[in-house]
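The data blocks that follow each hold one structure.
Two complexes come next, and they have one chain in common, chain A, joined by chain B in the first and chain C in the second.
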Partner chain A sequence: MSLILENIDRLVGGETYINDVSLELQPGSFNALLGRTLSGKTSLMRLMAGLDAPTRGRVWMNGEDVTGRSVRKRNVSMVYQQFINYPNLSVYDNIASPLRLARVKRREIDRRVREIAEMLHIAPFLDRLPLELSGGQQQRTAMGRALVKDADIILFDEPLVNLDYKLREEFRDELRAVFAERNCIAVYATTEPAEALALGGNSAVLHEGRLVQYGRTEEVYHRPRTILSAEMFSEPPINIIDGCVSGTEVTFDSGWHFPLDDDLRALPAGEYRFGVRASHISLTPQAGDDIEMRMSVDLAEISGSETFLHVHNERVHLTVHLAGVHEFCVDAPVTLYVPTHKVYVFDREGAVVHIPSHLGGI
Partner chain B sequence: MTKVRNNHAWWLILPMLLLVAFSAIIPLMTVVNYSVQDVFDANTRFFTGTEWFREMLNDPALQAAVLRQFAFSLTVLAIEVPLGIGIALLMPKKGWQASAVLILVTMPLLIPWNVVGSIWQIFTRGDIGLMGWSLRELGYGYNITASPVDAWATIILMDVWHWTPLIALLCYSGLRSIPDAYYQAARIDRASQWSVFRYIQLPKLTNVLVIGVLLRFMHSFMIYAEPFVLTGGGPGSSTTFLSQSLTTMAIGQQDLGPSAAFSLIYFLIILLVSWVFYTAIMNMQKDKPDGGV
Partner chain C sequence: MAEIALKSLAHSYLDAPGSPQDYAIREMDHVWHQGGAYALLGPSGCGKSTLLNIISGLLEPTRGDVLFDGERVNALPPEARNIAQVFQFPVIYDTMTVYDNLAFPLRNVKTPAARVHERVMEVAEVLELTPQLKRKAKNLTADEKQKVSMGRGLVRDDVSAILFDEPLTVIDPQLKWKLRRKLKEIHQRFEITMVYVTHDQLEASTFADKIAVMYEGQVVQFGTPRELFETPNHTFVGYFIGSPGMNFLEITLRDDRVRVGDSALEVEEGMRRAIEAAPSANVKLGIRPEFIEVHEAPVAGGIEASVEHIQDLGTYAIVDLRLGDTSLKARVEEDQSPPTGRAYLRFPAARLGLYVDEYRVEIDHDESP
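Coming up: the complex of A and B.
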């Protein structure tokens, strides 16, 4: 069961929701759709499900053209951000409902409902109504409904947004286990890069209705093809510093000069944009090729056991992701070290021209 | 630290107490006062105990009015609730059509009761009324002043016309509050229109319907102006409902004692039935349906 989107456009009332997206999803694959709010994740999922028809382009399922086919005639299921269950049916009947509509035999229904409930840890609550359960259990019920019917495509539209983070971690682990044994296509929309990374599989990065990059999740993370992709796929976003290469030296906007290291020597002279991940910058030198930067502190955000340090000098603002809790005074001077061998280089248009060699180079 | 005792807060509820006293308790106690006395004039009155209550409960005319009242209330509820839900389901959801239909549907609710009575009185006249004239031209000897059936049918029709919009509006707002994702999920499940209604829309409507049914029940149980203007309770006493019997007794015949007793009985009936309704519907909600889609 493969799903192919071919040059899909979707316009609603003159506004472009989806702009020329082509995507091929393989059977048994787990695919994260990563993008900010309004990037077109939900619109794309609705097109995949058949809830909407594309304005242009074709949708192929298993080699069959299903472009105009309604969702009722496709075998898909979907889990939403809100907890959508039949309010006056018990958890058991909720999970059984797709099977009853498909006229599955009673004993078979019973077997599958109990199996799914067991897997999703809601077996003790089968007789309750959804609203008598906690949010997490309600969402498990909704997932049970989606998983029970052996759909060809299962779509998750930010299913964990309304749950607390501990539950989300649990859920993510379970989801991977559930899909490891299935041969359906799973699509999972999320706004959080960390979630996409935790889920593994493939990732598609969406921005303003366009597909920025699609590939294995680590591949997309480590080898972004454009600045946009690199920005979308890291939290906090990758730091971008503009600079000019001439000979064996790079001059940043802020007026610093640095010799290029071996890796970067091959760059022809010209203007570039240099990308440094927030987590690669450190407070202590790590290798001989570090660039030393003197900055002053804007703000230190402490989140859990991590610190996000925002710093600036005359020209650049950087975000640094530090492990552990660090305290800084506002406007305090701070010296940061950027390892040049971990730097990405993009051209003025944002296309990648250099990927750190330990990640395989360009 | 010692706790400072300060009872000044009692002053805050004083206005409310006064308001309730003047709006409810004092009038009610006046009625209670009348109901246990036989009043001749300002200075001559006799204590009668429960005599008026016994008399009222055994009065065949009033018993008939009570039955008539129940028949009327149940009939209009049985028609208005399903019809209101149906109209709400059919009303357009967005665009200018939604506003236009909303205004059209709301129109009858804005007309005062006695005006509704007058409108229908003219509407049903055999000589100049659209409905009365048309029915007669079609060969049906329609006459609300002579035929109890015609009178009943007309009053029910009038009430349905006047009050179904209330149910429709309540349901419409209830339907609007259902997130679109529910409908999508139902489409993905390949649920039929009926299943969508039965398992998504109806459960989500229960709360507004409880309010709607209660309101309509109390309302219809107190109906007065419309039949008074339309039929005057006739022909005979075939459309004389409780409030009209009461008015005739209290204002027409100045029987203050009996009518006070009767008022209290009337009040208790409404209270009792509303309570039964409410409890029944609330229990129904708690019960689990037997399932199946």
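Coming up: the complex of A and C.
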């Protein structure tokens, strides 16, 4: 089972929802659609499902043109943000419903419902009504319904958004395991880069209805082709500092400068934009090539085991992602270190011209 | 200005509560000191909203006392408690201007106009709402509306505490950190007691100097963000704080060795004694993923584990490990290559916690050489 989108446009009332997207999803692949709200994730999934038809372009499934084929004639499942279940049916009957529609034999239904319920940890609740369950269990029920039939494509539209972070962590680990054993195509929309990374597989970065980059998730993360891709696929977003390269050194507008190393020497002199990942900036020197930066703290956001430090000087604002808990007062001075061998370089148009050598270079 | 104390407080929604499970709040004592920035953190159903409603006066507790500066207020309605509340959704008058919204609580108690003006201007300046003062509230963005909600609490001189109930839920993610900073500034400037109720560890740890973590109707730890991370007092705190949470290993003493499943683990003498002295068979060791040392080759004092999965999270990886029947997660930084197949783990003594019947037990560390 493969799915190919070919030069897809979708316009609604003169407004462009999807802009010339081409995408080829392999059988058995897990694919995250990563993008902010209104980037086109849901629109694209509706086109994949056959809930909407494209304005231009073609959709191919297994080599067959299915562009005009409705959702009912495609074998797809969908899981939404909201926990959508039949409120007056038991959990068992909710999960069994797609199989009953497909007139599967009763004994086979029973086997598959129990198998799925076991896998999703809701076997003890099969006799209950959905509203008697917690939010997490309700979403597990909805997922059970999507997984129980052997769909060719399963679409997840931000399924964990309404769950707390502990449940999200657990679900991600489980989903990965569930799909490792399946041969269907999974498509999973999310606004969170960390979620796409945690799920592995492939990632498609979307922005304003366009496909920014698609590939193996680590590849897209480590080797962004544009600033936009790097910004969309990082949380907090990668820090961008403008600067210029001369024959011997790099000078940032913000006053820092450092000598060109062997990796960067290939860059012609001129103006560039430099990308520094928030997690590459540290409170202690890491290597001989670090730039030292004296900044002032806007806020230390602490998330249990991590700290997001917002800092600024006269010219730039930066965000730093530190492991562990670090408490800072608002407006406190802080000295930070950026390892120059880990910076990305983009040209003025935003195309990547340098990738750190430990990630394979350009 | 007030200290809020809860004395032998318990609450049940049932008419005749019997077992501890019948209580939404199990008997507890707690003090919120004057001027502190606090958070009440826990998952849904832990009792934090019940506790908030008892403090604000929306709910009268089944037992115990609510004391404001030593004075019992159990039966006082919310309006008699001089407490301001900021809810998930902004509570403002849409048809009034921002100025009139801010002035409303003062005019209500017949404050002289000059004083009203002075306070409104001061609060508007702190909240950066001065340019919006003449606008109708309905034309504001969600974050501006929520700032007006906060401002209505701050203008009153007589407010002894502000309670926040998930106040940033409706705020755009990109604007959240700015409001978080604003809240901290407000706290520093007004020195008012603030209690922030949330299920989100980031909201709690960013705002509060001290966090009360609630679980099954009880405060299981009251500590700084660093304490919750480094020395969780209860297994629930270890699990709930941090992503991923703390690892817990069930241990036994057999043939004079501390064991995880069949593997023997070398521990400090003090830890050993504490394990031997444990009054229960429910004994666990806790260690955070950040503090497990992961080696590719055998090391002295290392315990062998199998590598189940590696999650590449960009600039670090989470390695899923298996040690007998126990699953563990360890964090490996990008500069270190993650192991494959087998791994050898060390648990630094200073980072290893002992948990007996789910609560942390302090141990004497060996003299360091």
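One rule holds in what follows: the second predicted complex is superposed on the first by the 361 of 362 C-alpha atoms of A that agree within 3 Å, B and C clash if a C-alpha of one lies under 4 Å from a C-alpha of the other, contacts with A are read in each partner's own complex, and residues count from 1 in each chain.
What we mean here is this: a residue touches a chain if its C-beta (ideal position, glycine included) is under 8 Å from a C-beta of that chain, and two chains touch if they have at least 3 such contacts.
Just so it is clear, the structure is predicted and the values come from calculations on it, not from any experiment.
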item: Three-chain arrangement built on chain A, chain B and chain C clash or fit; value: fit
item: First (chain B), second (chain C), both or neither touched by A:Gln138; value: neither
item: Chain B versus chain C as contact partner of A:Glu327, first or second or both or neither; value: second
item: First, second, both or neither for A:Ser39, with chain B first and chain C second; value: neither
item: Contacts of A:Ser77 with chain B and chain C, given as first, second, both or neither; value: first
item: Per-residue touch tally on chain A - higher for chain B or for chain C; value: C
item: Partner chain in contact with A:Gln213 - chain B first, chain C second, else both or neither; value: neither
item: Angle at chain A between chain B and chain C, C-alpha centres, nearest 10 degrees; value: 70
item: Which superposed partner A:Thr340 touches (first chain B, second chain C, both, neither); value: neither
item: Chain B versus chain C as contact partner of A:Tyr86, first or second or both or neither; value: first
item: Contacts of A:Asn202 with chain B and chain C, given as first, second, both or neither; value: neither
item: After fitting on chain A: smallest Cα gap, chain B-chain C, Å; value: 6
item: Interface residues of chain A shared between complexes with chain B and chain C; value: none
item: Touching residues (chain side chain A, partner chain C) in the complex; value: 134-135, 164-166, 169, 173, 176, 193-194, 197-198, 200, 217-218, 221-222, 234, 277, 279-280, 298-306, 308, 310, 321, 323-325, 327, 330
item: Chain A - residues contacting chain B, complex; value: 49, 51, 70-72, 76-78, 80-82, 84, 86-90, 92-93, 96-98, 100-102, 129, 145
item: Residue numbers on chain C that touch chain A, as the complex places them; value: 43-44, 177, 180-181, 184-185, 188, 199-202, 205-206, 224-226, 228-230, 239-245, 288, 290, 309, 311-316, 320, 331, 333
item: Contact set on chain B toward chain A in their complex; value: 179, 181-182, 184-185, 187-191, 195, 199-200, 203-204, 288-289, 291-293
